[in-house]
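You will see subunit A twice below: alongside subunit B first, and alongside subunit C after that.
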Partner chain A sequence: MTTPSLGVRLDGRRLRLGAAARPLLPAGAYYAVFFAIPMASLFVLSFWRAKGFDLVPDVSLVNYEKIATSPLYHALLVRTVAIGLITSLIVVPIAFTLSYLMRFVFERWAQLILQLALISLFSGYLVRIYAWRTILGKQGLLNSTLEWLGIIDQPLEFLIYSNFATIITLTGLLIPLAVLPIYSSMANISRDHLEVARDLGSKRTHLVRTILVPMALPGIRTAFAFSFLLAAGDFVTPSLVGGTQGIMIGNVIADQFRGIGSNWPLGGALAFVTMALVLVIYFAVIRAIRWVTTW
Partner chain B sequence: MRDVVKGLLDQKLNASFSRRRFLQGSAALTAVTVLGSPRSASAAELGGPLNYFGWDGEHGANVAKTFLDDNGIQLQASFQVSGDEALTRFNTGGRGTIDLMTPNKDFQRAILESGTELFAPLDMSRIPNAAGLFPAFKDASWLTKGGQTYGIPLIWGDEPCVYNPDKWDGVPPKYTDFADPKYKGELVMTDDPFGNIWVFAKSIGAEDPSKLTADQLQAAIDALLSVKPNIVTIAASFADMADVMVRGDASMGLAGWAYQTQIAKEKGVTLVVGTPAVDGTYYWEDAYAIALDAPNPDNAYAFIDFMTSAEANAAIATELGSGCTVEAAMPLMPAELTSIYPYDIVRQADGGLLGTQVVFPPQEADADIVPASAWVEAWQAFKLS
Partner chain C sequence: MVRANRPGVFAIGYLAAVLLLLYAPVVVIVLFSFADSPRLSLPIEGLTLDWYRNAFDNPLMGVAVRNSLILAVVSAVGCGTLGAAFAFGIVKMKRARLRGALLGASLLPAVVPLLVIGISLAVFFSALGLHQSLRNAAFGHILVCLPFVILTMNARLETFDFSVLEAARDLGASPFRAFRDITFPLIRPSILGAGLLAAALSLDEFVVTWFNIGSQQTLPVLVWGLMRRGIDPSINAVASVLMITMVALVIGSSLYGRRRR
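And then the complex of A and B:
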């Protein structure tokens, strides 16, 4: 008697689970077709070899060995992670501060500021990069203004075509994407929490570390994911404003999929190595944030 | 050579620029529109899809609009971002789905020489307008194999230096001369491993700059590195390179495109072209080719023949700021565009340098000659240095 009743219960749970999962089917199918299957194909391809204009099916680690032993790829991976981390470590605090101001200081203007952030996303990605070139260029807005004000005699050349320009441009591009999740998380934080903490003697830094950040952590995590992963994976921005050193691992991966001399299997292997590396760093940083907030 | 950079160019500035020009009524388009398009002699057999896979812009959607409409042909265009992408598409399920492609000279030569299946031999009796091609493009060595022709040239050009005449009187005789500190903060080049390594290999005396040993490749990279302190940026495309110069961020573009002078002119900036007297430059050409097992060969033949008419060739060459391949098209083009290309070489039967020059390295290593992938890697190391 016991067994059938358990079976009925389990069946009922299965039924409930099945019903709950049904709305996920379209999205699941979409991701299966347009993400999982292509990624799996790319993964399989990373074990193949390129021979002339042909792809040779194989089960070879030659591409991964090449990445493991090439100083070029090591340097590129370090550079990519460094630019991604620096960018996200600038973007997330700025987005956090903006979100805080919108939520708790300029609450009346929050929607307007949010809309402005959203509007900036409506302009094309390339257009925004070129806009930064207009601002940072040798004869750009910033240099012209500084010269007009008499602060400088010669244009500041490091402003454009440099790592600085890459990071600044990426920061400008990514802040709106980072503000949205953090503000969304903060919207659920009641003022009462902050006032109670203050009443109990909590200082501002302590309040931020132990209340604001933990409660906004889901948004911060998403913002960090957006900014770090997108910055580390970008290859257009460094190409357009990074100057003679405007190269990141994304550029090298792209090179493997186009043109004479391309090597799709090596490109696939590079993509997976990069993905693994940035995911490890992503989880390490999230863990570190969590540790700091509970310490 | 143009493969790496042309994708971005076509997708971004060139495409919008040329379409705007076109809609505003460029002279060449006007000629085509006013004259109308000749209805194909075999119109009864035409109609249905024409599947194009090639460079954006070279599908001639604007130039051939009337022709396509009149003949009930639906041009279904998708675009490559690299010169050899058509082969990848062809070999990964695309065979039997592609009608028309636009390979460049070196890629077509490499495919024909290697015996790789991709291009169908053309029935030249179905492309009578090909009789009007410049001598260099008739039976050109890179288009033919075993007495059969595999491509009909569409446009061509060279890659000279492009510079601001307010800053410079001309270009030095050799590319290695750009290492002179007087060029500091003034140079821009495109992100093109093959074109740049080729010219610097030539500059340091490589006999055949497309076939380099590892030591020669390293020597070419060293020569590039000696110039690197003077380089402002490595532009993503020809249009981007023009933009850098138009903004005044650089004043000398190495291995550029003559059409950049037109782009700059539209923005009120004067740029001129110059070729290092000792090192010279190199030439490119793109052609229409029909894929093996093309599903709509009738449409493809009729389209190629139309695009090889003087009016259409002038219009597409004008739209893309390039050299025309049909002799009678030249007078129909703006003089400022025809004047920037050395048409004397295409009047020669062998095409002069256009016919003999090879820029792309071999795809596979050949004895001590390094393959194209080594060039790409060396270029990446150059950029990272």
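And then the complex of A and C:
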């Protein structure tokens, strides 16, 4: 008697699962058509060849070979990864400290600070980059203020059209994105955790390394992924504040699609090489963080 | 003892420094949109509305505003429906693992650089023979706004009480009727909030737009063109208007989400 009823129940559950999945279908289909298939097409295209203005279907590694053998692309990839890493290594600790303060010091103001961070995220991507040009420019706000105060008598040239400008600008753009995940992952750390550790004689640095960082690790990981991937993939910031010497791989990729002498297959190959490189380094850094926090 | 509640000088200074980093650009843009001299440096000598007049005299401005509004509405409606259905679907799931995996997958487009999304869509549309246009850009806008809409909808629907729905069904309401009379009125503020968020994201979208819109204009595309040409104070005016609109949408969005709690 039990077997048939079990069968019916299983059947019913399967039916319910089917009905439950139905609301997921429209967005799922949208992702398939406008995200998965385009990414796959870009990947396939990266094995084609460009001949003048024509694209020649092929299964050739010519674009990847070009990237592997060109010192120019190597230098650009190294600079891109370096700028991405430096930016995220500034952004994540700043966001971590801010989240700590929001969680344990400014508890009452935490929601307001979070809203302020969120609002700054919506004050315009292009606009915020452009604003840094006004602030850091040769006759910009910072230089003219420092001159007026008598701290410098020559404008500081490195402030604008430099890697410095790119990193500062990206830092300002990415901090809000890093604060959201880190703060929400700190929600499950209670004051008691810290007090117990403190009572057992933990020093402050030890406390950060063995309790705060490991417990907030999911948020830190997301924040690092956001800041590293988005910084390494940005081309607007370097082209507005990075100067001629400061271009990143994103600028070269963008030029392959909307520039003179464009080459879509090469641009596709560059995009996938960059993403693969960035992912490998991402996992290595996450490994390193985990190793440091558990030794 | 862990330090008590009172914030120290360091904590306050730190908070102020981070907020300065986030808001200095905003303040600078708004300030200089009213500044008299075209040189962007202090001190500001006089105030003027000329840059706003300049900006709106630009013949491309009307088209740009129209296109930006079309994209914002399309994103709000598209993401509002797709995102609400998806978030509703995963919140109802009982298996936490599956729910987490689906939520994670739906956030993927937010982690892929916009540049890569932009060029992959350009390749896709060109393979289909669809010329770059406002329509192509609109498909891109829905894609890049969707993860954020799903994320916020998911957070808001987590508090949704499904027993109300079951009660309605037990009392004999059809699934459609239960949705129309019970579910929808309850989640409507969340959907509206998510729609406003999508509109704000869409107004700000530049990268994916740029690779897919061809020779058409939107506000960010227009601003980009002006920026490339050099320093032009009317950029500050357009930017201020855009910024205030987006911030208003975001504040509206978070107010809508909160109303029912």
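Convention: the second predicted complex is superposed on the first by the 265 of 295 C-alpha atoms of A that agree within 3 Å, B and C clash if a C-alpha of one lies under 4 Å from a C-alpha of the other, contacts with A are read in each partner's own complex, and residues count from 1 in each chain.
Just so we're on the same page, a residue touches a chain if its C-beta (ideal position, glycine included) is under 8 Å from a C-beta of that chain, and two chains touch if they have at least 3 such contacts.
All figures in this text were calculated on a predicted structure; none of them were measured in a lab.
For the composite obtained by overlaying on subunit A, subunit B and subunit C cannot both be accommodated without a clash.
Shared-chain residue A:F96: touches no atom of subunit B or subunit C. In the superposition on chain A, A:S123 makes contact with subunit C only, not with subunit B.
Applying the stated contact rule after C-alpha superposition, one finds that A:L240 touches each of subunit B and subunit C.
Judged by the touch definition given at the top, the superposed model places A:E107 against subunit C, while subunit B stays out of reach. By the touch criterion defined above, A:L194 reaches subunit C but does not reach subunit B. Within the superposed three-chain model, A:L230 lies in touch with subunit C and out of touch with subunit B [touch as defined at top].
Contacts of A:Y183 after superposition on the shared chain: neither subunit B nor subunit C is touched. Counting the residues of subunit A touched by each of subunit B and subunit C gives the higher count for C. Once the two complexes are laid over each other on the shared chain, residue contacts for A:A271 go to subunit C alone; subunit B is not touched. Applying the stated contact rule after C-alpha superposition, one finds that A:I160 touches subunit B and leaves subunit C untouched. The clash between subunit B and subunit C in the overlaid arrangement falls on one stretch of those listed (150-158, 240-248 or 348-356), that is 240-248.
Counting contacts by the rule stated earlier, residues 126, 130, 133-134, 137, 139-140, 236, 240, 257-258, 264 of subunit A appear in both its interface with subunit B and its interface with subunit C. Interface residues of subunit C facing subunit A in the complex, by the touch rule stated above, are 1-3, 5, 7-8, 11, 14-15, 18-19, 21-26, 28-29, 32, 39-42, 81-83, 85-86, 88-90, 92-93, 102, 105-106, 108-124, 127, 139-140, 142-143, 146, 150, 200-201, 204, 206-207, 210-211, 220, 223-224, 227, 231, 235, 239, 242-243, 246-247, 249-251, 254.
By the touch rule above, subunit A contacts subunit C in their complex via residues 20-24, 26-28, 30-31, 34-35, 37-39, 41-42, 45, 94, 97-98, 101, 104-107, 113, 115-120, 122-128, 130-135, 137, 139-141, 144-145, 148, 171-172, 175-176, 191, 194-195, 198, 225-226, 229-230, 232-236, 240, 250, 253-254, 257-258, 264, 267-268, 271, 275.
Chain contact summary for the complex, subunit A toward subunit B: residues 50-55, 72, 75-76, 79, 126, 130, 133-134, 137-140, 157, 160-161, 236, 239-247, 251-252, 255, 257-264. Partner subunit A is touched in their complex by these residues of subunit B: 3-4, 7, 12, 81-85, 87-88, 91, 106-107, 110-111, 114, 116, 185, 191, 193-194, 228, 231-234, 236, 240, 243, 247-249, 360-361, 363-364, 371-377, 380-381, 383-384.
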